[in-house]
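Written below as structure tokens is the structure these notes are about.
Which chain is which? They are A, B, C, D and E, in the order written, and residues in each are numbered from 1.
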Amino acid sequence: MARSEQQSNERYGGRWFWRYASPSAFFAPAGRIETLCWVLAAVLAAIGLYLGFFVAPTDAQQGEAYRVIFIHVPAAWMAMVIYLAMAFWSLLGLWLGTRLSFMMSHALAPTGALMAVLSLWTGALWGRPTWGTYWVWDARLTSTLILFFLYVGYMALAAAFDDRRKGDRAAALIALVGAINVPIIYFSVKWWNTLHQGSSVRPGSSSMATIMLAAMLIMTFAFWAYSIAAAMHRLRTIIIEREGNAAWLRASVLGGKR
Amino acid sequence: MSVRLTVDALAAERGMRAVFSDVSFAAVGGTLMRVTGANGAGKTTLLRILAGLGAAAAGCVEWSLDGSPLPSTSASIFVGHSNACHEALTVSENLAYAAALGGADATPGRIEHALAAFGVRPLARRRFGTLSQGQRKRASLARLLVAGPEDARAWLLDEPFVALDIDTQSQLAALIEARLGAGGLVVYTSHQTVPIRCAHAVEVAL
Amino acid sequence: MSLRRATAAVFRRELQLFARRKSDWANPLMFALIVCALFPFAVGSESERLRLIGIGVIFVAALLAAMLSLPRLFDEDARDGTLELLLMSPEPLAALLLARVAAISLVLGVALALLAPLFALFYALPMTVAGVLALTVAMAVPTLLLIGSIAAALLVSARGGAILTAVLVLPLTIPTLIFGAGAALRVLQGESAASELALEGAILLLALALCPPAAAAALRISTD
Amino acid sequence: MNWGSWSAFWDMGGRGLFVWGSYGALLIMVITELAALRHTRKAALRALQEDHDS
Amino acid sequence: MTLKQKRLALILGGLAVIAVAVALVLSAFNQNLVFFFSPSQIVAKEAPVGRAFRLGGMVEEGSVKRDGIDVQFRVTDTAQVVPVRYSGILPDLFREGKGVVAQGTLGPDGVFQAKEVLAKHDENYMPPEAATAVEKAHQARDMAAHTLKP
């Protein structure tokens, strides 16, 4: 049985994380995190793209086409990581009944869906020159596609309820069901058809030159920063939408303007 | 059997809007409790929370039987606006289903007895969908009696007198009185004032 | 004792309803039949080509037909108030939901499994394949209904339920589709389908263990 | 430095369509998302302001 | 039975069902699973004749002969060799000595008629059987080189 926020508050009142688990307390830190992450994303992306296009050499086998890797792999990773984060916040929300957890999952979903689309799109454009086809029904591609469907289902379900509290918890449940299913789907699709190469990232092994790897990892951090910043921005918007009646919010958002 | 209901600082919300807050009361078996309030004050919401069908925004509801705590779902029978009967099934099938879900074994004799108390015994083998509105209401109220007199659950009745003719209203009132006399707890909401004699009447205003 | 009585009551009621209202099972069967009959018009009637797509078409048609009956799970109950009886039962809700899905799976699963060999004739598939197809359809229908019961429970009171159910449920049924159709494909190619059948069964069992509690939680959320 | 000229840079060894197709998609999506973020924030603030004024 | 006992019984039942499911999965994985056929398997006549399947291995060095869009090459797992015929455009990464997967049918003449040829840039991408075979062959060659050197 899910608890109400107040009950959880009484029970976990002394814990450190509780201080930031309410929208009012997290609104300002979220803004600071957002600004920091926008800056980080821009700087890291600039460094990563410079390394990727001007320092990293041409690949021996693939020529220049491999340069898609600097956005393809980070996007694919983020699509998965964001889904996991969404499922984590959903679980926390269902378990503790905190409003902020649900808002966090809602804030993550659109960016996650975008990452899934991006990794599919770049994958298709990379696959054409290297594998000889835009699309294969391979385990990784297919499960990314399904991940995209799950994101869409989550967002559609959250939007289908007029009662926001219901929508929050219903969407959280579907996120968890999806999280249990993703590995099952992945392995069954893998069984069904295996074509994607093994993962090439093993530092120290010869499968990727150091400079290429460095560019890719820096781009990955840029994607992380971007995702966090976007999620924090969306989180603050959701807090404004939902907590519109609260005095502290009016004071901090409208206070300066009037 | 002695049912006890304790409600402490209860609050409810619907679609993020507060419906009521800080409602506290306690009641024991033999008490008739009437919940009053304007439209939209949250009478139905309160009853659904007591029944365990809805979640409270804050506060708690505790049921106990002879001192040992009970989960909400085993503590009460809820009769709401809908009849809780499927139109394609007969009256007795519907009642047997409700009884089995409630944890009781409904023998045909019990069902007939319960229907007789509302004067609709001949309808037992009719499809629910073929009944008139008044007949439907009576047949569905018979659900309260199917489990038998040893059933300790409290009755939660949401507007039970609506759509009942005068005869049935007094039948139901008599049954409620009998129930209270046997030590049962009855909580109801009503716009009509139907006289119910009882030793212990409490009113909760929302 | 009372748990057995309650689950038996749920199970019996569902069968009674199927017996009283034939359209509840006849419509999904007709749907599957029509879908299977449409494909040859689209792809051509050579038996060679039909055999290639037959298994997939039959399997997807069976899944879609079963999915059409998902709203039947809770929508009507929510309207006439019998859902409250289920929610207020002192017995574990998950067990009651399992009984209900079991009754529907029994009727729809068996009916679709019996029809699968007929569909197999349409698509010039040999009788051995038809047998495996019937078996895997009989396993896939309960799996879909179990997974679908979560979505159906969530969408009891939501807008746009039917389409959204499909969006939520169909991606999650991919494993059962892969192994169910895969088993029949193996037999068509003259190989042993044992491992596919084992995996199909494993997915059914997993759904059996995990879906009813999730559906119960979903129902509590949406009726709150 | 990898590129002798700008045209070599845009050509990407004959794979320019695929490489720039990918990076272009990234750019479009990021811009779209940023615009959407701005839009919803503005709408939320406007709603709050109207609520406040009335 | 109290509600708690019932819940416990249901949870135990659920766990038992999951255990059976896991056992089924394990038994399925124990059975022989074939995604690819290696040239050795084809030479040993394990692959079906006349039915489409996948052939995985490496393109043998110096075996590629192009004639317009018709291509002939040989696929090896270092132990055995299978000739392949294909007509169409080969992907960029198709190289001699690199991994390849071809989908098609084995003709009665023992030539694999490929309908689709897919290439990989990574040695990881190979059927596991072929990968181990290649690795073993490499090891043997390296060891031979070492012993011959002094």
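Rule of thumb we're sticking to: contacts are C-beta pairs under 8 Å (C-beta built on N, C-alpha and C of every residue); 3 or more make two chains touch, one makes a residue touch a chain.
Bear in mind that the values here come from a model prediction, so they are computed numbers and not experimental data.
Engineer: Among the chains, which one keeps its Cα centre farthest from the Cα centre of chain C?
Structural biologist: D
Engineer: Looking at chain pairs B-C and A-E, which one is connected by more C-beta pairs in contact?
Structural biologist: Answer to which pair has more contacts is B-C.
Engineer: With centres defined by CA atoms only, which chain is the most remote from chain A?
Structural biologist: B
Engineer: In whole angstrom, how far does the Cα centroid of chain A sit from the Cα centroid of chain C?
Structural biologist: Centres of chain A and chain C (C-alpha means) sit 33 Å apart.
Engineer: What is the distance in Å between the mean C-alpha positions of chain A and chain D?
Structural biologist: That gives a centre separation of 17 Å.
Engineer: At what distance in angstrom does the C-alpha mean of chain E lie from that of chain D?
Structural biologist: 41
Engineer: For chain B and chain D, what's the span in angstrom between their mean Cα positions?
Structural biologist: Centre separation, chain B to chain D: 59 Å.
Engineer: Return the residues of chain C touching two or more other chains; collapse runs of consecutive numbers into ranges.
Structural biologist: Within chain C, residues 90-91, 199, 203, 206, 210, 224 contact more than one other chain.
Engineer: Chain E: which residues touch two or more other chains?
Structural biologist: In chain E, 3, 33 touch at least two other chains.
Engineer: Specify, in ascending order, the residues of chain B that touch 2 or more different other chains.
Structural biologist: Where chain B meets two or more other chains at a single residue, that happens at 55, 71, 74.
Engineer: Please name which positions on chain A make contact with chain E in the complex.
Structural biologist: Residues 59, 61-63, 65-66, 129-133, 136, 191, 193-200, 207 of chain A touch chain E in their complex.
Engineer: Quick one: in the complex, what on chain A touches chain C?
Structural biologist: 146, 149-150, 152-153, 156-157, 160-162, 165-166, 169-170, 173-174, 176-178, 180-181, 184-185, 188-189, 191-192
Engineer: For the complex, give me every residue of chain A touching chain D.
Structural biologist: The touching residues are 53-58, 63-65, 67-68, 71-72, 75, 110-111, 114, 117-118, 121-122, 125-126, 128-129, 226, 230, 233-234, 236-237, 240-241, 244, 249-250, 253-254.
Engineer: In the complex formed with chain A, which residues of chain D make contact?
Structural biologist: 1-3, 9, 12-15, 17-19, 21-23, 25-26, 29-30, 33-34, 36-37, 40-41, 44-45, 47-49, 51-52
Engineer: Enumerate the contact residues on chain C facing chain E in the complex.
Structural biologist: 1, 3, 90-92, 94-95, 189, 192, 194-196, 198-199, 201-203, 205-206, 208-210, 213
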